[in-house]
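Below: the structure, in structure tokens.
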């Protein structure tokens, strides 16, 4: 069930049966020569929507812009400052909690979002912890899960790509988007086969270190077939994790 | 051309030919008994993407969460505080300007966003107007257009629905989403046929005044057929307006 | 009744009889060769104070600095950033609501303030709409009226100046300040007679487009006599609109 | 010279001869049974404008709302939060500096503003001290003077009222407003003759300690005659201090 | 009693007997050729801890970074922006008030902190003064005392150093750190013997005016012996002042 | 070398030889029945200072207050909101970078700080990545290391305490503070021997789950002897990691 395609009466009915919701959160940033700028938003979106259909779970609209400052030297990358993303997550949480959603599962597609989203959760909790009324607490459970870090997905990725998976513009995420958007598959030569690995600071530093945008990966290995397997693994991982959240 | 489906190399190539981009911006909020919670995001999204395909214009990911505080008493509505939405627009503008986009067309689907987005534009310009370096200016043109306010769309809406169009959960926007998402058409009785009209303040006040969420409209008149006409009118209006922006 | 000239005991007594107050809000910005830098603050101030005297309505001190970023290339213009003006409006509203004022009428003299003040109103309402206590609402009514946009004033302006009225440094506002401050009337040649019209972005762009600061107007047509008529029309428009606010 | 009554051309001419400006800053807050809510804004305003006329000094519009949180239990008091007032001062300073004003004299009427305005000055300087470009500095001189703390005014106040002057709703400030606004003189019995003295925290605490709003004063001693003497002393003190600022 | 060396059970027990706490607050900034960068944090820390041991008063960890923008041209100086320091003080106050601390004594070592800390106190109080619930107040007493401004310390300093005390990198503070940290005594020639006096704006301006960092002082007169006397005087001043706070 | 015990001339000299600095960062929060409230600040402080002495590395004053919202139901815990801590880290980084420090090593003692500090780093980098001047970058390297997560420390902890180490109020951190502050060792019975494990949300939830404050640990196993070994391991881990940072 996609929140955007429901009427408010349908949401009201849903809330009588469940207090859970999945919020896909990603980023709009370069993903190397053959990866899509929208990769990190598309991956959690397709997994969340499919899981939502199969199990009648409400899925919120995707938060497509994340914290991507280090990619700003590659055209098309868009970032929110960490403090902006924190405010977005805070307001979304408050809005959903207002309606009685109690188990908010953010399904994330971008490693660079993790610190900021967790800091936003802490900001939300802190308002209760510092509340002038003693004993005041929130009944909202906030959880951040990364589609690429579930057990099944990680095992499959290791099996399919080994060390060539890399850490940005990975074989897995490129495969998943190739499966979901076959019309947007790009054929690009990449050299070297595997991109260099390491750290980075700001956008200039990132581009100097990773001239075509990839980090540690060889996404020429990506395929729609691998993508389909990762898609199924991602759904299964998500559903397991989501049920654990609901059980709290 | 959807930014999310391009690689950064394709964006780089696009920028050699054009400095324009369309950013759909909407809201996630109740739209009455038969309207979709995502209406205000879906409408500009479908128009922008179609226009983008036809004329090879870059279209950014949709900003799906807007300023919808007054709808918070209806389940499923999500709002950003005005200051949060301003920060989002500011950061998106800065990111796109960083790459050389010079003509940013925000195609808006929600009247409640207008003041805040315009205030965000002023915030961006103010940083240049107050810049410590005299004579400093930005070359970025920011424009907000409302898909529902173009000449063709307004004429068509008046012809199709007259006074029953209303001002929230309008016949036109419900029609457009019915055309775009026929699988999500709802059959709901509404009483009275036309909803009351007037003002509102916060969410409690809004719901008291407009018990089923509509303002002034009778969206039982909506149809996918009307939606298709509005879709075409919206694309034509947008393309006219976008070309004017590019010409500045 | 001017708030600044009352004692708190007098305000206390006033509140037993009325919950209304008028807050003039303007800007400090260039108004062309013969207009006053204070025009946008002076106009609502003189109208509000006169209306307040005639009908015993409380009038707050004028908020003289508004959102005027685009005028910063003309000496004497002063701006608040949109986020600053929003914070000012928010704090003023909270302060007045604290005392039992329930109908706050902001009489505005500057088009450039409108988006930001409305966004500030939404920020205030959002705190109630997102309140952790379900059903929480504010009893405060916030209204923004523009002295230059009332029915009588617009009719009179059209009659007196027609198309030469323009949109910045208008004949009407220059006339009104000439009536209110005859000692400050400037005799300046202007060329061309009517200023160009159009849009603008930041301060450098504005000055390039409008070299002497006027937009679309020929304020050499202004006169104290016209100003007196506009003054009376403005008072009548304001009183009508204010009574409607009180009736909510 | 009042900025609000000048055209931008006159300001441009002024700046060729001088880089100084006086900005009256006050507060809108209760001033006891016979004091005006606007006292703290009116006092610096009348002194600054008179000084400005006599010596052709530019005087900005009065910032009438200050930091008055502790007076909020008395009807009519209005406060900005400290962070809001800081932002206002910051933006005003930046705007004036943009035009070439280099010596900004804030003439203050409210003790409760001092810390916040000084913190705002530090915020402005800090942007230069922390600037990424080494050696970057501002040429703007920021100064806060209190009209009630000049040598002549303090001597006169001591002579006229001795210990009955008090620290809030003082004899001196009530006298000055009686001189400037004789039509607004209030006749009110006060008991005890002299108000209690001491500290305070928030608004409830203040009102508990000072039931009629005065602190340490017996403003029944105030008179327009004393006000006139204080007016002249205030002008002389200001002009001395302003010249010292210009000489830096 | 140092908070950092207690367990929470010990803090719980302490709160049954007392609601007071001392929070040392200082700065990390140059203190001339023979003064320590940590002087302003070390001085209140050693006095507070000793007083805390002698009288079983809880002493919080030292806030070592203050508002020191004007020292940024001297290596090792670190500043918080005023708004950052305000947020720190605000959050610390809220945290301590949450546990039942009602008398918070900030013992300050840096004149440059005063305005900002007082503005932070006002920010805290303002949240109660503007509270939507009428009559809402805080029971927290906030007090800022300066170790260098107590009666005993000032008398002693005048006796020991007279005019050579100065206003930054003073003989007294250098002496106190020499007593507390004899291993860090520096032997440096200074010329001129007494540093110049006056004002300053940003960091470049400060360094231009005070080339070796001192203002008005001759800290070559400092000695550990003088430091010991000042240490005892500071403790006595603090205990007097703290008891007065507790008595409120 | 402790920054607080240096003069600015000594810092200047240091910068000629090195651009590195270690900033201990911790928290002030309950650490179970026998742990110190200051544990998370004391641990990185003692390790950093010892490493600094041995290898002549500059060590900044400890940032003793961190992000500890979840501990607020235990007396003595103090938190900064995430956004406050971000501002602190940002300002400290800017200050140190201003002087030429290029390798900033934050040695952290509190898991709850990690997300927020990393988000602050991203906020700092984002200002360069979004800079209006293309190609603008910072030369500052920001690194966060956790004293408890180095190879030697983890191996030693596993060897000494196995599963009883836990994740809050761990055997290792209690041991280290017992070694560093033997005068503050507490003898407290704890039941159960090992605390429960799991997650938490706000402060009420944390205390409900972990009634005496420990998470997963049995700190009755802690000893000063173990603390000494961890101290040495922590220094060695830090020096390795710091040298790697310098080499970038």
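Here the chain labels run A, B, C, D, E and F in written order, and each chain numbers its own residues starting at 1.
We adopt the following convention: a contact is a pair of C-beta atoms (placed from the backbone, for glycine too) under 8 Å apart; a residue touches a chain by one contact, two chains touch by 3 or more.
These numbers come from a predicted model, not from an experiment.
Chemist: On the document's contact criterion, could you list the chains that touch chain D and likewise touch chain F?
Modeler: Neighbours common to chain D and chain F are B, E.
Chemist: Going by the stated contact rule, which chains contact chain E and chain F alike?
Modeler: A chain counts here if it touches both chain E and chain F, which gives A, D.
Chemist: Given a C-alpha superposition of chain A onto chain D, how large is the rotation in degrees, taken in steps of 5?
Modeler: Superposing the C-alpha atoms of chain A on chain D needs a rotation of 180 degrees.
Chemist: If contact pairs are compared by residue number, which of A-B, B-C or D-F agrees with E-F in over half of them?
Modeler: A-B
Chemist: Among the chains, which is located farthest from chain D on the basis of C-alpha centroids?
Modeler: A
Chemist: Would you kindly tell me how far, in whole Å, the mean C-alpha position of chain D lies from that of chain C?
Modeler: The answer is 24 Å.
Chemist: Just curious, how far off is chain F from chain A if you go by their C-alpha centres, in Å?
Modeler: 29
Chemist: Can you work out the whole-Å distance between the CA centroids of chain C and chain E?
Modeler: Taking the average C-alpha coordinate of chain C and of chain E, the gap between them is 46 Å.
Chemist: Note the residues in chain F that touch 2 or more other chains, in rising order.
Modeler: 72, 79, 81, 83, 91, 95, 98, 129-130 - these are the residues of chain F that touch more than one other chain.
Chemist: Pick one for the touching-chains graph, please: line, ring, star, complete, other.
Modeler: Basically it's none of the tidy shapes, so other.
Chemist: Name the touching chain pairs, would you?
Modeler: Here the touching pairs of chains are A-B, A-C, A-E, A-F, B-C, B-D, B-F, C-D, C-E, D-E, D-F, E-F.
Chemist: What part of chain A is in contact with chain B in the complex they form?
Modeler: Against chain B, chain A makes touches at 2-12, 15, 28, 30-38, 41-42, 60-65, 72, 74-81, 83-84, 87-88, 90-92, 95-96, 98-100, 181, 183-184, 186, 188, 213.
Chemist: Quick check: in the complex, which residue numbers of chain A touch chain C?
Modeler: Checking each residue of chain A against chain C gives 91, 94-95, 98.
Chemist: Okay, in this complex, where on chain A does chain E touch?
Modeler: Against chain E, chain A makes touches at 129-130, 134.
Chemist: Okay, in this complex, where on chain E does chain D touch?
Modeler: Per the touch definition, chain E meets chain D at residues 67, 69-70, 72-73, 79, 81-83, 86, 112, 114-116, 118-120, 122-123, 125-126, 128-130, 135-138, 140-142, 199, 201-205, 248.
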